Amino acid sequence: MSHSFDEISQQLKRRHRKSTRLKWITMGSLGLAGLFLVLFFADMLSKGLPAFQQAYIQTEISYTQEAETDGRRAFDEELLPLISRTAVRTIPLELRNNPDMIGTSKAEWVLANSDVDQYLKGHRHRLSDEEQEALDARVESGQVDLRFNTTFFGSGDSKIAENAGILSAVVGTIMTMIVTLAISFPIGVMTAIYLEEFAPDNRLTQIIEININNLAAIPSILFGLLGLAIFINFFGVPRSSPLVGGMTLALMTLPVIIISTRTALRSVPESIRHAGFGVGCSRWQVVRDHVLPLAMPGIMTGSIIGLAQAMGETAPLIIVGMVAFIPDVGVSFTNAATVMPAQIFTWAGEPEQAFVEKTAGGILVLLTILISLNAFAVVMRKKFERRW
Amino acid sequence: MNSHATVMNGQQTPAVGQPYTRNEAACHDLSFRVRDLNLWYGKNQALKNLNIDLFQKNVTALIGPSGCGKSTFLRCLNRMNDLIPSVRTEGLVEMDGLDVNAPKMDEVALRRRVGMVFQKPNPFPKSIFENIAYAPRMHDLVSRKAEQEELVEKALRDAGLWNEVKDKLHEPGTSLSGGQQQRLCIARAIAVQPDVILMDEPTSALDPISTATIEDLMDKLKEKFTIITVTHNMQQAARVADYTAFFHLGEIIEYNDTKVMFSTPAQKKTEDYISGRYG
Amino acid sequence: MQTNQLLLIFCSALLLLGLLAFFAGRSKATRLRSAGTAMFAQPDQYAWFTVLSTAGPAVVVSALGAFVLLLMGADIPTLYLLAASLVIAAIGLLVSLNQVKPDFHARQAIERVIRMTLAGAALISILTTFGILISIISEALRFFQMHSFWEFITGTTWNPGASFLASAGRGDGSGAEFGSVPLFAGTFMITAIAMLVAVPIGLLSAIYMSEFAPRKVRTVAKPVLEVLAGIPTVVYGFFAAITVAPIIVNIAGFLGLDASYNNALAPGIVMGIMIIPFISSLSDDVINSVPDSMRQGSLALGMTKGETIRDVVVPAAMPGIISASLLGMSRAMGETMIVVMAAGMRPNLTANPLEDMTTVTVRIVAALTGDQEFESAETLSAFALGLVLFVITLALNLVSVLMIRRFREKYRVNNL
């Protein structure tokens, strides 16, 4: 009735092959997921890195009388199709402020327009053949150069591609995140403390718990609907402002902070609490003086992760109007503002080729911030991790 | 070691691996031959120079205080220790004249011939029928539905479970009581038609009535299978086993005919253990 | 006087009163104690108690007043309101100072307040849910007063085109049709594509990580995969629209097929990539919590590792895997940015993933970002769509929670 090892092994060959195949398939799947990640980052880097450079053209600016009314007169006729409109536009103002300059001239590097920029970077452009020739000649003589793009990091949005920057969005993000944290951190931590340390185990507590888990899984766009209907239409919070955006995002971040704070509180061993009660502390004193300090690293880690999540959120902000065109950097909670993801969204909708690069550049900035935040959270968790 | 020195109670030191006293009623065809078996968990040596011959169609009980290595030894016999990355073994474990640890030995084939029943019943999350029919089907022992049904019935009858479950073969195996689940696991092991069934404290998680049922079962099963069981319970060993091996701190202190061991042990340590002085 | 100035004065007055309360309370308590009376609490605790009872009622009254002012448009002059609050604060101060007696449990009183504050914070999460529900339902009801619910659920034409004319007083809006079937068809199509990408890759990766991978690979792979979940959706949207969609159009063209640049495949695939970590991470946890005794039981029967995984481990983990997939699905259905940027705007009832089609979330964004009157049927239709989306995702989440709970109870694992 029983079989010898040889007989069994014979039959097993096929089954072992299947088993090995499963191993390779699963490994391949993980590899595929990793490959997606690599391709994604490679794509973003190749599209976005050029945005950190910008074409400049060296030329002689002659501050003639005519240039005071028409900036174009200050430049070589042949150059006009190549340089940025913003460079031309500033000349009359400059002259009006410094009338002494009229009649002088000086050699300067001026901002090239986006077509020159894209041409130099080898992308789609709209330069005519003659313009390309003129440009090539200047490249040969070293009068055209790609330089670090200070505009991108130093100014706000613009409809002129070479003049558009991400600074107003960064400031808007910071303002919005201040509001978000100021609301969600205290409320989230207080909720978690209540649920973990004080709440009686009754129906209401259970409902709150189920509700928090559900809140974490509600599509973000629905929070936008809430922001629009309640914050803007009902309470009259100014539309497009960091205040309304931050409030909306705070509600989304709340469950993340509550859940991570509860985990952190739960990981403080019961013996610490008993020790506190043993020396006559009240429940609140135990929580305040013993449990909270020990749970703090965990709470901070969770909050940073929640913050990073909120920072990348776009959909609810679009609904509350935070996709505004903000050319000036403004530090205000109630004026219209935009945030980084919304800026990326706006740029992604621009048809011009130069904006593709801006979009990807903005994405790189955003991803760098998010990854640093998450890495910081991970390092903090590692550093303060405590085994009881 | 002086191979013919008198030990205790007039018994002689036997040849390497042999029991002190032979149980004349038992079968003595060799099932496993174990020589100089050593095993380490990382740096801790758990088994030290084990030598033992295990016989077919018997119940052999392995007893000893916790942590003495009896379960570890049991798991050497079907290479379940391979699943623990830190384990390292040396020495010979031979079945059918083949070293089970040899590189060309397929551990899956080995386990197919050396079945195992665990301390806690672990039925698969499938129906009772599937719990039993699954492995034989994979091993190509049966294929047609009728064959499967026949096999399932036979295995369940052998395990003494048929009458209790024949009307609910398609309910989940986890719906049974603990004792029934353990018999289901035994039926599952039998259905593969192995040569040896290893039992790792099969009754420790069960109530006394289920325990008695399973002990009866072991007695019946030894007609067809070699049964090697680990037990904490000395009475159980005394009741069911033909041979008993006493383990202490990773060594086999005494391997003997069960009746002799429990009445007139050959070693002082065995006597101390049996009379409850430690363990 | 300006409201801002008024507020400033109010705040500083309150602050002063609070300080006064603190020191008055403390000095009275210290005096009592130094007179040799045994007291229930520390002087500082009495001080805080007086502060709380001074500022607390005043703040509550002024907040309530402001609320009434804002909502009801009631005509209470701000000056009177704030003055009344200050009077209340002063009364609170006097009463509480009077309460500073040896036999008064100041600490317990403070802790009662703290406890209530904490409980109040916990209620905010409930309020949020109610807020979402109320805001969506009330606006959705207004929409259903204009257009029939039945037409919304079963209609196959979504054409809000003329409704803004109606709200502007021109035309009667009869040309507008709000049949949401094509939108939901688009949502389901893109969700299905995403799940076809995410479930196999996520599950198989989880199997590799929990069953085959060496420890080192696992500790690296898991957080790396989670990076995929941390990438903002707007970035995925850009990736789908700029990189993936053209590739699909090219491949389709190579195969002789005609694909739109707004095809459903690109957002679907990219959404699938985004969801991989949700599924792999939860499945990995679940597979890891399948008791080892299951694996050993199978291996001891002479099963290969692959058979053990396929026939024992995965079936045992199935409730958890389904739960993970449902969560992923709910995320895919509610996902907005990827489809807004990469999917089409045209409601299109088709089964061809190479065609452009629109989704529920795309239409919600479209309806709320145009220059529409808030009262127009198109704007309100966003809330009706949002309501259905809410119900569907809520149902998916609840089922998912139930499944994971069943798994947890079956194998008595607590870490999920």
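The first chain written gets the first letter, and so on, giving A, B and C; residue counts start at 1 in each chain.
We adopt the following convention: a contact is a pair of C-beta atoms (placed from the backbone, for glycine too) under 8 Å apart; a residue touches a chain by one contact, two chains touch by 3 or more.
The chain lineup, named per UniProt: A = Phosphate transport system permease protein PstA; B = Phosphate ABC transporter ATP-binding protein; C = Phosphate transport system permease protein.
Remember, predicted model here, so these are calculated numbers, not experimental data.
Between the interfaces B-C and A-C, more contacting C-beta pairs are found at A-C. When chain centres are defined as mean Cα coordinates, B lies farthest from chain A.
Centre-to-centre, using mean CA coordinates, chain A is 62 Å away from chain B.
Centre-to-centre spacing of chain B and chain C amounts to 55 Å, using the average Cα coordinate of each chain. Our note on geometry: chain A versus chain C, Cα centroid distance of 19 Å, whole angstroms.
Touching two or more other chains at once are residues 8, 12, 15-16 of chain A.
Contacts with at least two other chains are made by residues 108-110, 112-113, 138-139, 194 of chain B. Taken residue by residue, chain C touches two or more other chains at 302, 304, 307, whereas all remaining positions touch fewer. The touching residues of chain B, counted against chain A in their complex, run 96, 98, 105-106, 108-110, 112-113, 138-140, 193-195. Chain A meets chain C in the complex at residues 8, 12, 15-16, 18-23, 25-30, 32-34, 36-37, 40, 43-44, 47, 186-187, 190-191, 193-195, 198-199, 207-208, 210-215, 217-226, 228-230, 233, 235-236, 251, 254-255, 258, 282-284, 308-309, 311-315, 318-319, 323, 341-342, 344-345, 348, 356, 359-360, 363, 366-367, 370-371, 374, 378. Against chain C, the residues of chain B that register as touching in their complex are 78, 80, 83, 108-113, 115-116, 118, 120, 122-126, 134-135, 138-139, 174, 185, 188-189, 192, 194, 198.
The part of chain C that touches chain B in the complex is made up of residues 291, 293-304, 307, 311-312, 315-316, 410.
Chain A meets chain B in the complex at residues 1-5, 8-9, 11-12, 15-16.
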